[in-house]
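Next, two complexes with chain A in common: one pairs it with chain B, the other with chain C.
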Partner chain A sequence: MDLEKFLADFADIFDETDASEIKADTQFHYLDEWSSMSGMAVIAIVKSIYGKEITGEDIKKCDTVNDLFELVKNK
Partner chain B sequence: MGKSPFSLAEKKVFVTGASSGIGRAIAVACSQMGAQVFISGRNETRLKETLSLMDKSEKHSILPCDITSQSEIKNVVNQLPSLDGIVHCAGKGQRVLCKQMTEQDVDDLMNVNFKAPVLLQAEVLKQKKMSKGGSIVFVASVASVSPSAGNAIYSASKGAIISYANCLGLELAPRQIRVNAISPAMVWTDLIYSGGISKEQLEEDEKKYPLKRYGKPEDIANLAVYLLSDASSWMTMNNVPITGGGK
Partner chain C sequence: MFIKAISYYLPSQTLTNEELIKQFPEWSVEKVVKKVGVNERHIAAADETAGDMAFKAAQKLFAEYNISPETIDFVLFCTQSPDYFLPSSACILQHKLGIPTSAGAFDYDLGCSGCVYGMAVAKGLITAGIAKNVLLLTAETYTKYLHPQDKGNRSIFGDGAAACLISTEGFAEIGGFVLGTNGSGYDNLILKTGAARQKNLTGIESTDENGNIRRDDYLYMNGGEIFNFTVDVVPNLLVNVLEKNNITKDRIDYYLFHQANKYMLSTIRKICNIPQEKFYINLEKTGNTVSSTILIGLRDCIDSKIITSGMNVLIAGFGVGLSYGGTVLKM
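Let's look at the complex of A and B:
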């Protein structure tokens, strides 16, 4: 799994947040646009692009985008 | 004393989606109220578990079936006797945002929640397996009028089946066959975990209900029994919400 690709996929779920704001160490829960719907969107891209299943609870435990990347990589 | 109008004694009832959740509870409740029950679902092992929970299990039948398969539907309906009741309970949940919706997401859900019960009902009627004065129940959802994020196709599928049930009720009224829908709010079954929602989130949401709890499958089963029974003889083309006060 490629981190750069994952960052781009993650950035793509947002409409107002510029992709340049999304880095490996971004604490995504603090993004203005982050909401419970974003969590749902992450679950969907992880399933459709990476073929893996994660839960809202898994996402809640992650702090940075890199944490999410590691979570998906290790599923 | 005469027979209670709430009894299902001597009635033959077919329940789809009986391998778990609300369908299983309905099958069990119908057996307890005296019906002879025919239960269908995809998983034979879980159907056997349902059977083991039913009253007088020897008098009921298991009919494993994938209701999205036309040939399997035909085969199952062939094996049914003339029915006094049908409960269309087979269904699935989904949490996908509108922006991310794919053709497959739409088909996956509409095939199970809408197309399958419609075509199953058509087959039952074609094979003349619905007795005069019978009762048909669709398990829908308050989601049809109560939006939540990620639930668009599920909500639409339930709205569609409610509209269908109304027309079916009109067409079958000359034979005194009644058609009603049940629209539960959140009920503790596997279905509500779709899309990665956690138990913790659901328990938080549950507290917002006036009765401070989500429904139990048995709560819905009792309403289904009522709609199948002669106690509801003047009810048709109704969609009955059962919500613990939740919206």
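Let's look at the complex of A and C:
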């Protein structure tokens, strides 16, 4: 799994947040646009692109986008 | 089988975001409303039922397209808010609309997938030679099922009705259908009390895993589960609808899905790799009107020339049941 690709996929769930704001160390819960619906979109994207299932609880435990990346990688 | 006419009716009273913010000053309403994509919703009057709204939508249809009610030989009415437990509201509408007594009529109980199912049933009736001119009506008053403090659902749902004439000729040929059901998720979008399983109100309130309050006596939606169901079934539904209609994805000119909420639609669009300019998202002035969103969208797109003659339009509905379906309309 490629981190750069994951960052781009993650950035794609947002409509207003620019992709340049999404880095490995971004604490995504603090993004203005982040909401519970973003969590659902992450679950959907991870499932459709990476074929892996993660839960809302999993996402809550992650702090940075890199944490998410590791989570998906190790699923 | 063709769609020959589409009209819709929205109640005059509206609930704007400004009014919602006044009621929920603690709420970051702008953020959520931006997500759901709704600026105002129409709200049925206290004494106005889904049946009343369906009546008005049908009358509009007859007037706008110069259709005589005498030509209608079947009435299908999709609602989860019938006037009575019995009889079928469709029977009352037959009489009120001046449709001949030789017409068949019945209600069916579906929500967000209801428009697609109605078209499928109408096509079946016409193909089998049972009817020639089917009046498909959809109407919902979900706002009457919402708890006043349920700000999430109050921001999403609006009331409305639509009427559609399905006939042996018209402007949109109705293609092959793919339908599906997953009843294991029945309690993810539910109003538990008042019907046979639990006739009396319980007053029970609990908090679900997302921190939303679940009330037996009001409409409850587990947004996360509905979101999961949708992103799970819609990509496959698209593939199957294309296959059923023997058409490739690049020949679909426009996608018009049930208008659930903006953010969910936008996520579906992304995971299905549909270009933005081919994908309809418009709930600003209506909210999610449940079974009427697709017909309202079709009429608006035809009026604004987003959908024009010669186009292939893929429609899909999904939600309460849980139930889903799709088809291709050749304009």
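Please note the rule applied: the second predicted complex is superposed on the first by the 75 of 75 C-alpha atoms of A that agree within 3 Å, B and C clash if a C-alpha of one lies under 4 Å from a C-alpha of the other, contacts with A are read in each partner's own complex, and residues count from 1 in each chain.
In this text, a residue touches a chain if its C-beta (ideal position, glycine included) is under 8 Å from a C-beta of that chain, and two chains touch if they have at least 3 such contacts.
Keep in mind it's a predicted model, so treat the numbers as computed, not measured.
In the superposition on chain A, A:A41 contacts both chain B and chain C. Of the two partner chains placed by superposition, A:L31 touches none, neither chain B nor chain C. Of the two partner chains, neither chain B nor chain C is touched by A:A11.
With both structures placed on the common chain, the touch criterion links A:I54 to chain B but leaves chain C unconnected.
Applying the stated contact rule after C-alpha superposition, one finds that A:L71 touches neither chain B nor chain C.
When the two complexes are superposed on chain A, the residues of chain A that touch both chain B and chain C are 36-37, 40-41, 43-45, 48, 56.
On the side of chain B, the complex with chain A involves touching residues 95-97, 99-100, 102, 149-150, 195-198, 200-201. Of all residues in chain A, only 36-37, 39-41, 43-45, 48, 53-60 touch chain B in the complex they form. Interface of chain A with chain C (complex): residues 12-13, 15, 35-37, 40-41, 43-45, 47-49, 56.
Looking at the complex, you find that chain C touches chain A at residues 31-32, 35, 209-210, 223-224, 227-228, 231-232, 235, 263-264, 266-267, 270-271.
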